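Next come two complexes, and both contain chain A; in the first it sits with chain B, in the second with chain C.
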Partner chain A sequence: MAKITFITSDDETIVVEGTSGSVMELAVEHNVKGIDGDCGGVCSCATCHVHVKPEDMTKTGPASEIETDMLELDDNADEYSRLCCQIEISDAIDGVELTVAK
Partner chain B sequence: MQKSELPDPFEKARLEKGIGEMKDQNDPVKMILRHKDVRKTAHNYKTFQSGAIPGRIVVPSEVNIRKTRQIPFELDPPIHGLYRAIVEPWFKRPLQVDYTEKLTDQISELVEETLKKDKVEVIGEFALVLQSRALTLLLNIPYEEAETWISWGTHVFRSEDTALDADKANILYDYIDKEIDKAIENPGADLYSMLLASEVEGKKLTREEVKGVMVLTFAGGRDTIINAVTNAIAYLSEHQESLERFRKEPEIIGKAVEEMIRYFSPLTQMGRVVTEDTHVCEHAVKADTRVSLCWASANRDDAVFENPNEIVLDRKINPHVGFGFSHHNCLGATHARQIMKVLLQTLADKIKSIEVFDYKENIEDLDEFKRKVGYDYINVKFNRLTN
Partner chain C sequence: MSDSQQKCVVIGASHAGVNLAFALRKEGWEGQIILYDADPELPYHRPPLSKTYLTNEEGMSATPLKSLESYERDNILLKLGVKVALVNAEEKEIVLEDSSVQAYDKLVLATGARPIVPPIPGLANVKNVFPLRTVADVEGIRNALGDNPNKSVVVIGGGYIGLEIAASLNKLGSKVTVLEREERILARVTAPEMSDFFHQLHVENDVEVLTGKNVTSVATENAKNNVVCSDGSTYPADIIIIGVGIHINTELAEQAGLTIENGIKVDATARTSDKDIYAIGDCTFHHNPHYDRYVRLESVQNAVDQAKVAAATICGKQVIYDAIPWFWSDQYDVKLQIVGLSESYDNIVIRKEKKDQPCFSIWYFSGDELLSVDAINNAKAYVVGTKFIKTNQSIDKVKLADNAVEFKPNNLIFKSNND
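And then the complex of A and B:
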């Protein structure tokens, strides 16, 4: 079980819990604004871009090469950016805070 | 070779040079073939612009057959974003539950009609019908309107004899003009009325701008959907086991749709006009010439995709560019994805197998390359699943 906090671009805070699947799927299920997950999680749409709170990066790990290639061209991306369809839900990410990218 | 296969004609040129060349009506095009270069170029709107004279970024060029600027397609940031913001929420409507339900009813009914026939020509009697009916949902107009669009046949812009046919384009333009008049007189809850009521920087969209959005919605969503649907049917005719798999693992259908879009790449390429002397992939390109982003080639790049020439239904990482990339990525993608998902689900629920009788391949002539993009016709029979 992992508790995950999303902060949307309207500064709304949404706290949800999940046990399996990807963070993108969890966000879509709970209608987190700004996470559309258009491609269903295969890394082709970038509509699941989040900024991980810096101190939580150790829990989520850094972006994979496929993600950085995709995000490299996104003007809003930074070193804390992840495509959250590539973050698997598990106990390891309990408590992370994710800010939905513009 | 299997009938449903779409070979990759770009492989050699992609590996050796990274570019291809097309002459296209004395306005040559350097085709960009590698995944990385395609994405980089698509992102760099300052050097590779969309907002050139209307029709020039399309390959083959439409400069001689239209004057109306397609919106937001033929605009560059930052203006592009202002227009795109108006239409974006509308084009996300396919995610709504009642939209999906209506789409499911439409496709279910069509598959049932098709099951009753001994022989069906997929392009004209299935894909075109499906695409036209579904478009009534996207435009939020009465279902009956689809009959008019079906009667136009498959090629509104393109006819079989001449690559670009101005007469056919006129049918669409005249039609859209009339529909805009109707919406001005009698505003409703349809896309025309929404556009007519919209403002960019405090100014109402002009009639010409509304027309530019509507032409694009009709043109961009026609051949692409028809090719995607038809290629899916052809693929399933040779892969009965995939229907079985969708029944057992419906959760892979979303991934299967992405994979089909990658493999089929219903839109082969789209151009840009170069604004300054520069290089793509170490080849010099001059200002005021054209390049194209070859989505179909990028989607077979083995630097990115393992077994690129195979359909791997549950491909987990699939950064394809079938719907484009960056600023201009496909606005109709939500609608297109929903159509494909519902189609695969419905076929899995109702169909055991598909028989192909005869067919003719549609081969695009890209000078240096010949690319199969789909079929001119393909006659089939659907066999019902009984348990």
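And then the complex of A and C:
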């Protein structure tokens, strides 16, 4: 079980819990604004971009090669960016805070 | 009438219709939003149906586009399992199958497409024949596989969907044969080099891929089906999957008297020839500004982007549809990403990366103008290609083809000798 905090671009804070699947799916399930997940979670659309709180990066791990490449399409990407369809929910990411990219 | 009494009615609740509904709320639409779909399932992602739907251990169900709660939260009325029978544009109302009537102020047609089932003699008598468009289709395949997926499957049509389902069924343990009428698979959509790559990939994975195979009939004897081709060859099939393309759903638009060409014709704001009726997604024939021609696309990107433009327009904003198309396909462990439209290319450049896994890209040009890129396991090529297409910047083909030149836009910009 992992508790995850999303902060949307309207500064809304949404705290949700998940046990399996990807963080993108969890966000869509809870209607988190700004996470569209258009490709259904296969790293093809970059509409699930979040900024991980810097100190939580150790929990989520860094972006993979394909994520890093895809994120180059987004001018707002930075070193804390992830495509959250590529973050699996597990106990390991309990407590992370993710800011939905603009 | 106050804004909150306005009604926006949407026919078709899939990638286009659902995204439109949520985009309307985002743009500030205060009126009612009513979404109709004949499919009883909570609207879902279609691409996984041919890819991971059958093979996912956890995923026995479709991936919803939005949760039910999201529709409630945004006050979007979802009417599923309801077929719309008629659009009466003069009265501004639609008629449902049960003859009940729903008035609209704005109507959006997001009716998409249905699979073509070719009139092959004998096909109609066969039990386990499936097109591939809906959850019900894939559930049909799942049931036909039953407890023993080690079955003979013939896939008619070597397009993306046919090849993806072939890969999925192969993974489950079926013996799959793909029959393609053209001389190569993916003939309509990619260069021969890419067709060859995918052909090889399937053969390596023990999927039989046969081209130049025109299916002429299906013979059934003692509950065994044989797919018969014009050259006399026959292929036994416990299950037949049809992947020969789609037929767009324009019937409602025709009745409403809208202009139809290769799809429902819409302007840059997704408006049809009736000022209160919009059309979005697979069912539209629309102008692409970058390529300066009318196109009909079958992609999630187009459905989503047109939905956003239509929603903004309905809410009185000034936007136009000006997107570079993109698409993807996943087969086995290979990821294909496409950006742009390659049609009318006259030369290509192939760039291969130095990697153990296949990792390369095909760049389609008309003269020196980059039209499109097909990238295999190579998101970098996809991204670099997207940037060049968007900016219309000239690319140095010699450097592009040279995998020793680091793959960065700045390294690849064409500089003439005079600079």
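Here, the second predicted complex is superposed on the first by the 102 of 102 C-alpha atoms of A that agree within 3 Å, B and C clash if a C-alpha of one lies under 4 Å from a C-alpha of the other, contacts with A are read in each partner's own complex, and residues count from 1 in each chain.
In this section, a contact is a pair of C-beta atoms (placed from the backbone, for glycine too) under 8 Å apart; a residue touches a chain by one contact, two chains touch by 3 or more.
From a predicted model like this one, the values you see are computed outputs, not experimental measurements.
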Chain B versus chain C as contact partner of A:Glu88, first or second or both or neither: neither
Chain A residues touched - chain C or chain B, whichever exceeds: C
Chain B and chain C contact sites that coincide on chain A, given as residue numbers: 36, 38-45, 66, 69-70, 73
Touching residues (chain side chain C, partner chain A) in the complex: 15, 19, 26, 45, 47-48, 51, 58, 63-67, 69-70, 73-74, 300-301, 304, 326, 328, 330, 335, 337, 379-380, 382-383, 386-387
Residue ranges of chain A touching chain B (in the complex, touch as defined): 36, 38-45, 66, 69-70, 73
Of chain B, residues touching chain A in the complex: 36, 39-40, 43, 92, 95, 254-255, 257-258, 315-323, 325-326, 329, 333-334, 337
Complex interface listing, chain A residues touching chain C: 20-21, 25, 28-31, 33, 36, 38-45, 65-66, 69-70, 72-73
